[in-house]
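Both of the next two complexes hold chain A, though its partner changes from chain B to chain C.
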Partner chain A sequence: MATVEIEHVDKVRPGGQAVLHDVSCAARDGELLAVVGPSGCGKSTLLRLVAGLESVTVGVIRIGGCVVNDLPPQRRDVAMVFQSHALYPHMTVYENLAFGLRVRGTARRETDRRVRQVGARLGLEAMLERYPRELSGGQRQRTALGRAMLRDAAVFLLDEPLSSLDVPLRAEMRRELAELHRSLGTTMIYVTHDQSEALSLGQRMVVLAGGRVQQIDTPVDVYRRPANRFVAGFVGWPPMNFLRAESLADMVGAPAGEAGVEYGVRPECFAAQPGGPDDVQFTGRIERIESQGGEWYLELALRCGRVLVRLRLEQALTVGEPLRLWVRRADLHTFDATTGQRVESSGR
Partner chain B sequence: MPEPTGVASDMGVPTRMARAGAYLGLAALAAVTLFPLLWMASIALMSAPQAAAGTPPLWPQHPTLANIINVISQQHIGTYFFNSLVVATATTVLSVLVAGSAGYALAHVGFRGRRVVSGLMVFGVLIPTQALVLPLFEMFREVHLVNHYAALVLPVAANPVGILLVQAYMRGIPAEILDAARIDGASEWRIFRSVAVPLMAPILAAVSVLVFVVSWNEFMWPMIAMQQENMQTLPVALAAIDREHYQNIGLMAAAATITMLPMVCVFVASQRYYLRSVIAGSLTG
Partner chain C sequence: MTGRRPSGVLFVLPALVLLVVFVFIPLVGVLGLSLTNLDLYSLANTANLHAIGAENYLHLLRDRRAWQALAATLAVVVVGVPATLVLSLISALMIESIAERWRGLFRTALFVPVVCSTVAIAIGWRYLLNTRFGLVNHLLRVLGLGAPNWLGNPHLAIIAITIVVVWKGFGYGMIIVAAARREIPEELYEAARIEGAGVRQRLLRITVPMLAPTLGLLALLDVSGYWQLFAEPYVLTRGGPLGSTTSLLLLMYDRGFLWWRWGAASAIAVVLTAMMWMFAWAQRHARADWRGE
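Let's look at the complex of A and B:
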C-alpha cells in the first residue's frame, strides 16, 4: 500500500499537443480515487504517467513517497487493468495469470498455488486452461483483474475497466470491484468517463476537463457543491439546468438577479410543495411528460427558458397544463457567467 | 415430372449451381497452372528419342529414370542443390530474424527517426536488383566474399518487403498488450521473446516461405557473385545445362524438375498457414 502524489504535472506530446496542464492530485493510502472526465480530457494519459508507460513533461510523481519520474513501469510497483483487458491472446488464462510471477522468477510451486488461489477467488477455476478468445467479456475482465491482483502491487491503476462490458454485467462488476477494494485495501486510481461510476465507486473523485483539474472532493461534495459550471453539468444525471440570472430575477420570489451570474438547479431538486418561506417558486407550462415508474420526467417551459424536472407525484399530469414548483435556496447553485466558477455567497 | 420440394430446394439449386460453377472455374485455373509443370515432369521421364521428337508428347511411352540419373551423376546437380539449399536456408533464417525484430521495432518501439527508417524501407522495395548488381559486386570483391555463400546471403538478409509485412502485421496488435507485459515486470527483451514473437508467428511463417522461394529462384546476382562452378546455385546451373545441352530436352526437364521440387514441397507443406497469415495480415494490418 502506498500514497500516489501527482504534483504540477504537465504532459506535452512530441508533436507539441498539450494533454495535461498543471495537474495536482493525490490518492491517499488505501483510497479508491476516481478520475472522471469526458473523453479526451487526459485522464487515461494521467494514469499512463503514473504507470510509467509515458513520461512526464514537467512535474513530479511520487509513489509511496519516492519520486518515480525516471523509473520504468517494471520498477514502479503498480498493477494496471486496461480498458481492452490486454490479455495475452496466445496464452491460456493460467499462463496469463502466471506470466508476471514467472517473469519475476517465482518458484513454480508457489506460482501454481497463487494462480489457483486467485483463480478460485475470481471464479475462474474452470477457465484456467482456456484462451482469452474462448472467454466471455466478464471472464476476460476477471482474468485481467486477477493478473493485477497477482502482481501484488502497492497501487492498482484501472483504466475504464468496465466500459467494454454490457450494462447488467457492468453493475455486477462494479459491486465486485468495490468489494475487492474493501478486502485488498490497496490504493486504487480508477479512471472512467462515466460519472455515475465515479460517484458510486470513488471515495474521492477528481474531475478533469481539457487537461485541467476542475475539482477534487468526495462524491457527495462534488455533487452538492460543484466547483464550477462544467462540474455542475457533468456530474449528476439528468444534468443540471442552467438559467440566466437576468431572466430569473422577475420570477416570483426569485433572488435579486445579480448581473453576470447563472443559476443551476438539479432536476431532482424541484418540489411540488414549498418546504420553507425561503423557497424559490417557479411557474411554467408542461411541455413533455415521461413516466419512469413512480417518477415523472417533465420538460417545463418557464418564462426564462426550459428546465428538466424529476418529480415524485401521485396526481396525473397533462401536457400544456401550468405547474408551480419550488426549489430550496440551498439547491440553487450560482456560477459566475464569465468564468463559470461557483459563487459561494448565494450558493447555500 | 419431379415434385416441387419446397423453398429450401428452390433456394438451394442456384446456390449449388453457383458453387459448382466456381469450383469448375477454379479447377480450370488449377489445370492451366499445373499443366506445364506436369508436362515438364513427364518429359523428364521420357527416353531421349521420344523427348527430342519435335513437340514432346504428353505422356512417356516407356517411363525411365535415365535423365534424372544422368543429371545427378554427370551434371553435379547434387552440388548445386546443396548450394541452393544452404543459401536459401541461411537467407531465410537471417531475414526472418531481421524482419521480425526490425518490423516489431518499427511498429511498437518509439525511437527517434522511426518514420525515416520506415520510409527508407519503402524506398528499398522500389530499387530494382539490376541497379544494385554492380556496386554490390564491387563491395563484395573488396571484402573478398565473392564465391562465398555470404555473398548471396548478406545482401538480402535485411529484406524490406519482409520488414514492412511484419510492421503492418504488428501494427494490428494493440500496444496495450505489450504495455501489460511491461506492467507485469517483463524486460523489453522478454516482451519481445515471450509476447511479440508468438503473436507474429503467422506473419514470420509467411515471410520465411516468401524469402525461401525468392532466394531459391534468384538468378542474376548468384550468376555474377558465384563465378566458381562448384559454388553455383541451381537456377544458374540450370541455365548452363540449357546452354550446353540445348538439344537434350529430357535432361533439361529433369534438371528443372529437381530445381522445382523443393518449392512445391515448401508450398504444399505451408499453404494453409501461409494463406491464413496473408489474409490475417491484410485484415489487421
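Let's look at the complex of A and C:
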C-alpha cells in the first residue's frame, strides 16, 4: 500500500513535443484515482511516467513517500495492466501468470500455489493451459489483471483496461474491478477516456486535457461543480448545453446578465414543473423528439440556439409545440466566456 | 469448403504447368535414369543400355566416396545451420538495437554477401585464405597464431568451406529475424520489465521464443540450401584435398559431367531429394507452437 504523488511534472518528448505541462495530482493510500481525458491528452504518458517506462522531464514522482524518478520499473513496486493486455502470446495463461514470480526466482511450489489461487479467484481455473489467442476478451482481461495481482505491488496502474471489450462485458468487468479494488485495498490509478467509467469507478478523478490538469475532485463534485467549461462539456452524457449570456431573454429568472459569461445546463436537469420559487424558466419550441424507453430526448429551439433536453414525461409531445421547462438555480452553471473558468454565483 | 470454381483452376494453371515441366517431369526422368546404366558408352551404342534395377543404389552403399561426401555435406549442415541461425539472430538483434541512422549501413554491409554471386565470393575468399599472401593468414601471423594451409589441409578445408557458407548465408536470416523482431510488441518488454525481468530474461523468455517460428523456418531454408552445397567447394577446393570437401551435389556433378555416368549421378540426385523431403516432413510435424499450426 502506498501513496503516489505527482508534483509539477512536465514531459517533453525527445522530438521536442511537450505532452504534459505542470501536472500535479496524488493518489491516496488505497484510493482508486481515475484519470480521464480525451484521446491524446497524455493519460498514458502520465501512467508510463509513474511506471518508470519513461522518464519525467521536470518534476518529482513519489511512491510511498520515496522519490522514484531514477528508479527502473522493476524497483518501483508497481503493477501495470496495459490497454492491449500485453499478454505473452507464446505462453499459456498459467505461464503468463507465473512469469513475474519465475523471473523473480520464487520457489516452484509457491509459484504454483499462488498462480492457482489467483486463477481460481478470477475464474480462470479451466483456462490455465490455454494460450491467449484461445481466450475471449474478458478472459484475456482477467489474465492481465491476474498477472498484475501476482506482482503484489503497492500500486496498480491500469491503462484503459476495458476499452477493448464490448459494452456489456465492459459493464461487468467494471463491477469486477470495483470489487477487486475493494478487496485488495491497493492504490490504483485508472486511466480511461470514457468519462462514465471514471464517474462510476473513481473515488476521485483527475480530468486531463491538452496535457494539463483541469480538475481533481470526487466524481460527484466534478459532475456538480465542473471547474471550467471543458470539464463541464466533457463529463456527463449527453453533454451539457451552453448558452451565451445574451440569451437571457429566453430565461425568466436567470441571474442578472453579466456580460461575458456563459451558462451551462445539463440535459437531465430540465423539469416540466417548477420545483421552487427561484427556478429558471425556459421557453422554446420542440424541434426534434426521440423516445428512448421511458425517456424523451428533445431538441428545444430557444431564440438564441438549441438545447438538448432529457425528460421523463408521461404526456405525449409533438414537434413544433411550444414547451416551458424549469431548471433549478443550482443546476445553472456559469462560466467566464473568455477564460472558461467557473464563476461561482453568489447566494449559494 | 466453398465451391471450387473453374476460374480457380485457371489461376493455378501457370504455376502448375511450370511445376510439372520443371520439377515433376525431370524428377520422374531422373528416377528412371537412376535405374539404368546410362553412360558415355551406352550413349554411343544403345545396345549397351540396360535397366539394371537398384544396382546404382547398391553401389552407392558400398562407395567410400559417397559416404565421405555424405559426411562432408552433413558436417556443413550440422555445424553451419546452427552457426548461421545464431549469427542471424545476434546480428538482427544488434541491428535493431543500434541507432536508426547507422542501421541501414550495417544492414546493407551484412546483407551484401547474400546477393553477391557465390562464385565471386568464393574467388574472393580463395585470395583471403591463400596460405602465403592471404589477408586471413596475415592477420593470424600478426597475432602470432601461425599460418595454416586453409584449403590444402583436409581437416581445415571443410572448416573453411563452412565459414564461407555461413558468412554468405547469415545476412538473409538477419533480415528475416530483424523483421520478425520488429513485429514483437514493445509492450511485452515493458510488461516484462515491470514484472522484474532483466535484459537476459527478456531475451531468453520473450525474444527467443517469440522468434522461434521464424528461426524454425530459417532452419528449414538453411538446411535445404546447405544440403545442396556446391559452388563454394567447386570454386575453392574443387572437392579436395583428398575429396574432403566433395559435397553430395559436387559428387553428383563429377559423376554426371566429368565421368559421364548419368545413371550413377541420377541415383545420387534421387537420394539427395529423398533425404531433403524426409527432413522437410519431419520439420513440419515437429511444429506445434502457440500460433496453433
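Definition applied: the second predicted complex is superposed on the first by the 342 of 348 C-alpha atoms of A that agree within 3 Å, B and C clash if a C-alpha of one lies under 4 Å from a C-alpha of the other, contacts with A are read in each partner's own complex, and residues count from 1 in each chain.
FYI, a residue touches a chain if its C-beta (ideal position, glycine included) is under 8 Å from a C-beta of that chain, and two chains touch if they have at least 3 such contacts.
If you're wondering where the values come from, they're calculated on a predicted model, not measured in any experiment.
Superposition of the two complexes onto chain A shows a clash between chain B and chain C.
When the two complexes are overlaid on their common chain A, residue A:Q117 makes contact with neither chain B nor chain C.
Shared-chain residue A:T283: touches no atom of chain B or chain C. Once the two complexes are overlaid on the shared chain, A:P72 sits against chain B and chain C alike. In the overlay built on the shared chain, the residue A:R133 is in contact with chain C alone; chain B does not reach it.
For the contact definition in use here, the residues of chain A common to its chain B contact set and its chain C contact set are 51-53, 72-74, 78-80, 82, 84, 86, 88-90, 99-100, 103-104, 147, 151.
Contact residues of chain A toward chain B in the complex are 48, 51-53, 72-74, 78-80, 82-84, 86-90, 99-100, 103-104, 147, 151.
Across the complex, chain A is touched by residues 185, 187-188, 190-198, 201, 205-206, 209-210, 212, 289-290, 292 of chain C. Across the interface of their complex, chain C is touched by residues 51-53, 72-74, 78-80, 82, 84, 86, 88-91, 99-100, 103-104, 131, 133-134, 147, 151 of chain A. For chain B in complex with chain A, the residues that touch the partner chain are 174, 176-177, 179-187, 190, 194-195, 198-199.
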